[in-house]
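Each of the two complexes below includes subunit A, the first together with subunit B, the second together with subunit C.
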Partner chain A sequence: MDNLKNEKEIAKSLRRKAISKNWKLFKQSRLGMVGLIIVFFFFILSILQPILFLTGIWDQGTYNPVVGYVDQTQDFLVVECPKEFPTEKYEKRTDCPGRNEVNIKTLFYSDGEVGETIQLNLQPAPPSRDHILGTDSLGRDVFSQIMEGSQVAFLLGILSATLGVGISTLLGTIAAFFGGRVDAYLMRQSDLVLMLPTLPLLFIISAFAELKIWHLAVVLGTIGGLGGSVITIKSQALQVKVKPFVDSARITGGSNMKILFSHVLPNVAPLALLFMVFSVTGAIASESVLSFLGLLNIEMSWGLMIYLAQVEGYIFSGLKFWWLILPAGLSVTFLTGGFYLVGRGLDEVFNPRLRKR
Partner chain B sequence: MYKYIFKRIYQLVIVFFLFLVTSYILFDSIPGNAFQNMLLNPLLPPGAYEQVLALYGLDKPLSERIVLYITNFFKGDFGYSYKYYPKTPIELIAERLPRTLMLFAMVNIVSFYTGFLVGKILAWRRGSKSETWITITSVFSYTVFYPWFALMMLWFFGYKMDWLPIGKFLYPEKWYDAPFDSDVIFTLMIKFTVIVSIIQFLIYMFTRNIESLNSKRNLRFFGFILNIVGSFIFWNTGDALTKKIYAMDIAYHMILPVITVTIVAFAGTALLTRTTMMEVLKDDYILTARAKGLSQRRIRDRHAARNALLPVVTSFIFTIVTIIDGSVLTETIFSWPGMGQLILDSVLNEDIPVAMATFSFIGVFALVAHFIADISYAYLDPRIRIQSQG
Partner chain C sequence: MLTNAVRVVSVNNLIEVRNLVKHFEVSGGLFSRNKRIIKAVDGIDFEIKAGESLGLVGQSGCGKTTTARSLCLLDPKTSGDVNFYNSESQKMESIDEIDDEGLRQFRRNMQMIFQDPYESLNPRWTLKDIIKEPLDIHNIGDLKDREEAVIEILKTVGLTPPQNYLSRYPHEISGGQRQRVSIARTLIMKPKFVICDEPTSMLDVSIRISIMDLMLNLAKELNVSYLYITHDLAVARYMCNRIAVMFNGKIVEIAESEELLQNPIHPYTKRLISSIPIPDPNYKRERYEVNYDELDKIISNNPDKKMIDIGNGHFVASHDTKGFFIET
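Moving on, here comes the complex of A and B:
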């Protein structure tokens, strides 16, 4: 009894030692640390929003990313734009109406006249003290939307990556371990999945199923898990399978299941973890593309923010409405980039040939 | 070996059959059908809608339609497009495919070449400040949210600066009284590009074994200049002179998509080359080369980069397979009328014959590529060969 306890403790300390050693190796890669900081930053953003709502610092009516609204009015001078340019005041057609001016032709019901000053709603409002990144055209806080978007991205990315890598690791190891018919079946199955073009396939699926975040995570995970990663993990598992310790486990009488789960799988796990980190990137990008094309049933995400900015015509207004265009696009880019850099760092930990020395 | 190939082909046919059935079921499961817009017309005579459905065979049960489609498919009959009625899917693909291939072949060749050069230098200068910054920039352009980036490029170069056109294949107003079809011009452009790249490739191959690195570089540069002068002469003489303005118009529309996709695609190659090159640099023969006192550049270009090329070439082959799949987004944003738009259009309009034809085109492409990859792996790696016999 005492012996067993001792053994467990030794195993525990060994594991701890391995983790601290790997962490030290990871810290050596500067880019990996940059990626980790970026990912951590977005993680803070995603958990900050519920905290702000719960503590009452932000009130739901104003800052809710989907239905929040706050009245922001500003004084505007009513002007009439001339028919021909240039005039004394305006050089080009795009200069009229200028700042704090409104063209009388675009007023629908107001009884303001040329030269008067009237109060109008200012949406999308530029960044101010209340709204750090301004508001969108419906008066919703952009910063709150970014936070909601990062929740969506984390949930979807990690869920679909876990599912996908789980499936592909299991299937890849089984294919390598048993070989023969099982292998042939699984490989042809992943051929079939690889043959279907991804984006059109997602279009079709979104046409007959109302995709919410959970559904999309399952769909992306399954497609990713059955596709090419099975083949890569299988080739890794094939290399593990011919190692001497697998043979000695078999000689000592280990069952197939025992060898598979306690000898082969743990040795494939590092590669699987690496795959997981990289497929988080893919999942976030796919979600953003789909909601950018307006095909998802998600209330708020980064892709949707860009989609709204595009359909409302703000994307070609250039940097005048930068808070509608830049934050969402940069968030997607930076979060996927962060995960990619973390993956690169892990690669250097698991693959000794990549290390500096 | 032959037994293995035979077995693979047999499996291939089954997979392709399953692929056809799966895609047909997928298309059928989209609610509605291609002719549902007719019902919006209040003046539609009674029975007309049902008649159209019966004409196209859409009133039959699913299983019957699948069997009919697959038997016709293997007879070589792909049906007619629902949307562009008198045209067949084959005609549509023949019209659209060259445009996609031209655009993306150019992008891929440029991005793989430059990406390989940059990645090589990145791995060589590992740990320096310039390496860190270039790597961060390439990671940024590799993971950038592509539709957003493309829109920003469109905004900057097309709208703000007004240097390049915003999307589309050509300016219609220039072609009103053109004596040629745009496809004729485009075919000429494709032929021209293919010949020029073959000449360039031949120059590259012939100078490959020259021992001195400096004279090799000079010869290559000289060949490149010769190629440019030759193409300049070609476009300014005879028949091609009249076609020049129209060809220029199409080329002008190609610039922005090519630049945008190249920026994104090049980073992937650079990062891949960087990783494989770092692995190669750890090998013993690099140490031997250093110990022999070879020059740094020779070690980098001859010993390390050549061996790092293998995974890059593999990834190049697999990228070519996914060209059509990957073109969907680019062609939608730049409104480039190629295969990607055709796929998207047919899927959204439920134009089943066209969608099935494009899907099976991609499928055959992918299957053959994987088959060739598998066979060559089996040829190179005895482990797989032994297993398949057992």
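Moving on, here comes the complex of A and C:
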């Protein structure tokens, strides 16, 4: 009994040592750490929003990313610009409407006669104390939208990556392990899937079916899982399959399934994890492209934010309405980049050849 | 013929190999029809008695490992018989004809130690899991029994205190310790027959002798027979009662260890023995030269593989029809 207790303690300490060793290796790659910090930042963002709503710091009416609205209006006097310039009052043509005045030409949404007072919307409003990143043209809080978008990105990325890597690990090890016709079929299939252009295919799918985020995750996961990663994982599994420990399990009488699941899969798992981290990047990028093109049935995402800015014409006004474009665009860039860098860091942990001496 | 000469009908034989053949087909490509056949093992006979160790020596590529892999059913043999002594029914059974239960018996009694201690242990498993894997596969005892068996066998192979090793991973121990772990894994089922595929060739010379002594002691203790594959005649002499010399898929000479080394008859055996270095710089052993191509041609031109009994259980292959081997 004493022995067993002692053994458990040793096991625990050894496990702790292994984890700390791997963590040290990961920390050595500076890029990996930068990536981890970025991913962690967006993760905090995505879980912060529900917390803010639950604690009542933000109320749904104002800060809801989809239906929130805050009334930011101001009274304006409609004036008519004089025909001759310059006049005493207006030195330049662009100065034509003064403070609290509005030119009749700028009244898009409301009617007004010259001399009347009219109430106008101030959206999209620039960043202020209440709205850190301003509001969009419908008066919704941009920061809250970014948070919602990062939830979508994490959900989609991790879901599709898990699904895809699950499929490709299973198929890759089966192809390597059984060989022959199974292998030939699976390899030709993944060649075929590799040949398919993903985005045009997704356009076609979204034309026939309303794509929701779950559907997109499944589609992206399946396409990714049947594609090139099967080939890479198969090659890794082939290496494991001929190792003597597999032979010795077979000599002892282990069944194929047992060898597959207890010997081959655990030794392929690190590579699969690496693939998972890298394929998150692709999933998030595809989602952004699709929702930017308006092909996704989705309430809010980073791509959709840019899409709305583009549809309403703000994207052409340079950086005058920067808070409508930059936060979403930078979020996509940074999160995908962050995941990529984490993958690079993990690569250095799992691939001893890449380690610096 | 060897089979006739040595077939002492005795229950003492643990394993009998009769005319074992293993050919590999190498296809010339997707569209080419001609297939080349590589005769890795081309009709070999030997038998091992219970408690006896047979050394299998020969140059690399002569089919030693292929023999071992066919014997333990890793690669299916092309033809030939392998008979194994079934302790339950008390008679020899051909492994082609046994049922599932017999196969299970066979697997329990047959194990293999591999050459490379760095590759033969799963790097993701703890040593405890590695060693008790055979017990798990054959479902022997409950978890506590298995754990006790692991501790016991770790003590036997000299890894003490066992508690320090149970939860370690293979990369945390040294090469010699790893080979001890493989031996422990092999012997935990108390098999009767262990195939050792050059178990010491990857180890340091200093560790080598301790591992070999360990294996010898365990053989004595547990009454294990070894088929010891090596290319080192000195190692074979140290480990084995009898030595079989293989050349290009055939056994050319088989005898008691001392007899073979003192009185080699086949030219290939003479060549092998003359290549053992003498640790004295002033003395140079006279090299016995053999033209391998010619020898190969002679062997393949005379498929009648008669073994001549010299006496003392010493058998030599004869290559020409007159019943004599060729002197080069």
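Just so we're on the same page, the second predicted complex is superposed on the first by the 299 of 357 C-alpha atoms of A that agree within 3 Å, B and C clash if a C-alpha of one lies under 4 Å from a C-alpha of the other, contacts with A are read in each partner's own complex, and residues count from 1 in each chain.
The criterion applied here is as follows: a contact is a pair of C-beta atoms (placed from the backbone, for glycine too) under 8 Å apart; a residue touches a chain by one contact, two chains touch by 3 or more.
Quick caveat, the model's predicted, so the values are computed rather than measured.
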Check the residue A:194 against both partner chains and state whether it touches subunit B (first), subunit C (second), both, or neither. first
Partner chain in contact with A:253 - subunit B first, subunit C second, else both or neither: second
Looking at A:10, would you say it contacts subunit B, subunit C, both, or neither? Reply first, second, both or neither. second
Touching A:285, do we find subunit B (first), subunit C (second), both, or neither? first
Counting residues of subunit A touched by each of subunit B and subunit C, the higher count belongs to B
Inside the complex, what are the residues of subunit A that reach subunit B? 30-31, 34, 179, 184, 188, 191-192, 194-201, 203-204, 207-208, 238, 242, 281, 285, 288-289, 292-293, 302-303, 306, 310, 315-316, 318, 325, 328-329, 332-333, 336-337, 340-341, 344, 347, 351, 353-354, 356
Under the stated contact criterion, what part of subunit C meets subunit A in this complex? 69, 72-74, 103-104, 107-108, 110-112, 114-116, 119-126, 130, 133-134, 137-138, 147, 151, 163-164, 166-169, 172, 182, 185-186, 189
Residue set of subunit B touching subunit A in the complex reads 11, 14-15, 18-19, 22-23, 26-27, 29-31, 126-127, 132, 135-136, 139-140, 142-149, 151-152, 155, 159-160, 275, 278-279, 282, 324-325, 328-329, 332, 343-344, 347-348, 355, 359, 362-363, 366-367, 370, 383, 387, 390
Residue positions on subunit A within touch of subunit C in the complex are 3-4, 6-7, 10-11, 14-15, 18, 243-245, 247-254, 258, 263, 266-267, 269
